[in-house]
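Several structures are given next for inspection.
Below, chain A partners chain B and then partners chain C, in two separate complexes.
Then we have the complex of A and B:
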């Protein structure tokens, strides 16, 4: 069960009521009142630890024994943000060893990787430790992401460490590795976007865009049903529709995909956006779309964009209302 | 034969076709590992791979495997329903109102030891159960109702805001849960138990210079905190320019290249309903620049 920091299950756990160091402490029961609601049937150890915690917390005691008690409380319920907060207060008052503390919270985090409090505590610690913490924090998030490559907290923490403490050097390589393992990992694509736009060593979006387009188009070709690279591709040209329309690789990619699978919704909707932005469809593109139209005689000799829209209503029935509405905006 | 469903997970990473997840090569100056053998097109009417390499069984990625598992489970459920006789079907599709009401009503009084993990979230427990009963159109008996109001008052910090239990630090999420419970109950007693002036002061203390809010004293800043703050402030009518200023901009800064909203700037877009609501709420009043294109 819960051990105080630094004594990892070496000895049997001693309940607070039997600890000599706490002999003078009067435990403070929870003020639930005479007619409680949502009353949890706490086990004996939980009850006792929290009563002792409450006593020291109410007294504002910032001592080593208080620190130990917060560890007990955290092991019982790592979601108790009040305990974590008080622990930080005590750590500061005692000018405690932050690296040791990071080791403590990392153990809790490993078994509770989706708990908000542990990650916040890590961030607080890392900020205090400073740039020296960058490497170990990146190692840690890498470890967590190896177990769950999409853990939102781990990614947020990793991003915060990059932006506050550094360590950008191997990040693109890391993204490449993750995308090799799972090209559908949208979190890795999102990380890639951060790098391409914000990394101080890559040169920014304008510098990276060209190679990124190639990378992304290749990912699309390998699996056109993967939505992530389509979104990413769009993101590479955020706020710059003219450049997007002018980049032939994009419309070519849509065309290639549609030639193999004319029902690919991502290709169709991307194409629609391009047409809307002023893309002048090549003869080949017109041909492909007309061929699709022939599969659906209802559309007649309408404008290319309208044809694409009506095909989308058939291929993406989940969003039929959206595509119908979109079509009405095209007629104007 | 697996039923193909056009399910979409709320985060846009799902895929339906179990094709090979090979990856593009090349990229950064620090060279990536070379691409694993050949690509292979999706089973449904695909062309042979361009480089003519021997077909091999597709290596599925974790995302694909997880997606397939979910689809298979859903398909099983549908299959059972589909195969059931009509009278069995109607029983299976019936909402067990009485059992739910009993479960919720009992839970409002007593919860098993395993709920200790929610010991810092007891206003949420109140909210989930009170709201559930309200949705089922059940009224609480007077004693229970009074006791809930009293309990939440005990969770209310003397300087404002509600904590996860009596004596706990006030927290925006538990404040959200507490206020929504009281509003759901809706009685004069329930509503007047909310110390609005103090709540306002608490929120102002939680306001960050970025315009966002932190969840509790020294706590994390994110979009959830913004949502819970603005939502509650709006509900109890304490929302003013001081609380609202900069929130819209902060949220706008959390919009990602995908178009969705993340928990923090640069993080991945996340499909919580919360955020949509907040966006709407902010847009309604302050017409902030969230790109809807």
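Then we have the complex of A and C:
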């Protein structure tokens, strides 16, 4: 038993001690000190591979056999960053084929998609390969995200590839697809924000805002209980509260949602924000709020914002301490 | 991020761990002199109100805290997010009872805590952060913590 050394599982794994190419190597045991406590009971194959690794590492060897051995070590423990580091040193010394190497690490990454070393290695490689790597890196992260649409490493890598190597063209379409599959996917909403603000081909936030507001409002209507689009909408008007208040589509959306479900916490709190920013409530809005208020005659306040706040205390009991505190700040 | 939380790097999705590290670092450097409990908002280079909203919205219906919007609650975020709220003087605004109940459902029959409720297997990471979160909650027999340094207050 033992893991493969990168071969397709057909061949028997040969322990390093029985490999002719390593015959002249004296394995170097782990230096555990004179009185080790709680010694780890390493498996035989692991122990042997690491003893040989240590020997080559200590000798500063830069050879094809060293490269091959690091693959064994990586398969046994893909989290050993010393081995990865040494592998990179050897790769450089041998001026190895980076595309082949990327294929190697992708194979490890697929079965270890949350391993930091693997993603770092990919980034190191992609940086060396340059813009030609963009497409395959996007294909790869897409594959990982198809298995786990929120894998933070994958998203980080994808964002880095976009910003360093390019490939922005199909990204908005990709976000659309992910949101169609799961409109609650906050990672996709976040990616959308990156595109809308940073993509060199979309024209920036000001240019995109209008169509994005429409897209987001529609997402809200389909699922008002999804926090993501509400926050995204807020984000579209970051640093510009006046514009936010002036965009009728937004207060209209809040109203529409509340008319269907007056307990919708996101709509209520968005409304509260708008009121705090200076929104002058329309008569229709005032009417809707008063109607909600009538379901609870305790609140008989003139100030719409205060009424909304007290409704929130009822509808969002988990955050009742917050809404009560918020209400005290309204009077100031 | 656009929503008040912090991601690991610019552009990344807001994340409980990233937010804790950012706020704790700023706090240790003295950039965060905020105490929402006393309504003081003297100085902060960040949007504290938006951060506050982001943090509080991370408490889910099951009482636990999620690390990111629309993800399941996970034991450890009770510390990462709870710690942030403690640093900005807003810890009293969460639902303590609901959080405590959630954390207790994450304790396994072996004593250690797992990532999710009703999981069989605990790990040392979630056990530590589960306990740290109980410390923030003021649980009896648990030492008070200095959240920003991750050590017990008595050690300071």
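Observations
Here, the second predicted complex is superposed on the first by the 316 of 332 C-alpha atoms of A that agree within 3 Å, B and C clash if a C-alpha of one lies under 4 Å from a C-alpha of the other, contacts with A are read in each partner's own complex, and residues count from 1 in each chain.
Basically, contacts are C-beta pairs under 8 Å (C-beta built on N, C-alpha and C of every residue); 3 or more make two chains touch, one makes a residue touch a chain.
Here the structure is a predicted model, which means the values were calculated and not measured.
After superposition on chain A, the partners chain B and chain C are seen to clash. By the document's definition of touching, of the two partners only chain B reaches A:39; chain C does not. After overlaying the two complexes on the shared chain, residue contacts for A:322 are found with chain C alone; chain B is out of touch.
Of the two partner chains, both chain B and chain C are touched by A:190.
Applying the stated contact rule after C-alpha superposition, one finds that A:159 touches each of chain B and chain C. In the superposition on chain A, contact of A:242 is made with neither chain B nor chain C. By the touch criterion defined above, A:227 lies against chain B and chain C together after alignment on the C-alpha atoms of chain A.
Contact with both chain B and chain C is seen for A:198 once the two complexes are overlaid on the shared chain. By the touch criterion stated above, A:135 is placed in contact with neither chain B nor chain C. Of the two partner chains placed by the overlay, neither chain B nor chain C lies in contact with A:111.
Counting contacts by the rule stated earlier, residues 150, 152, 155-156, 159, 163, 184-187, 190, 193-194, 198, 226-228, 231-232, 234-235, 238, 317-318 of chain A appear in both its interface with chain B and its interface with chain C. Residue ranges of chain C in contact with chain A, taken from their complex: 1-3, 7-9, 11-15, 36, 39, 56-57, 59, 61, 63, 68-71, 92-95, 98. Of all residues in chain A, those touching chain C in their complex are 150, 152, 155-156, 159, 163, 184-187, 190, 193-194, 198, 226-228, 231-232, 234-235, 238, 317-322, 325, 329. Taken together, the chain B residues at the contact with chain A in this complex read 6, 8, 11-17, 19-28, 30, 32-33, 36, 39, 41-42, 44-47, 61-64, 107-113, 115-122, 125-126, 129, 143-144, 147-148, 150-151, 154, 163-169, 171, 215-220, 256-258, 263-264, 266-270. The touching residues of chain A, counted against chain B in their complex, run 30-33, 35-43, 46, 50, 54, 57-58, 76-77, 79-82, 85, 88, 116, 119-120, 123-124, 149-150, 152, 155-156, 159-160, 163, 170, 172-173, 176-177, 179-187, 190, 193-194, 198, 202, 211, 214-216, 218-219, 221-223, 225-228, 231-232, 234-235, 238, 260-261, 317-318.
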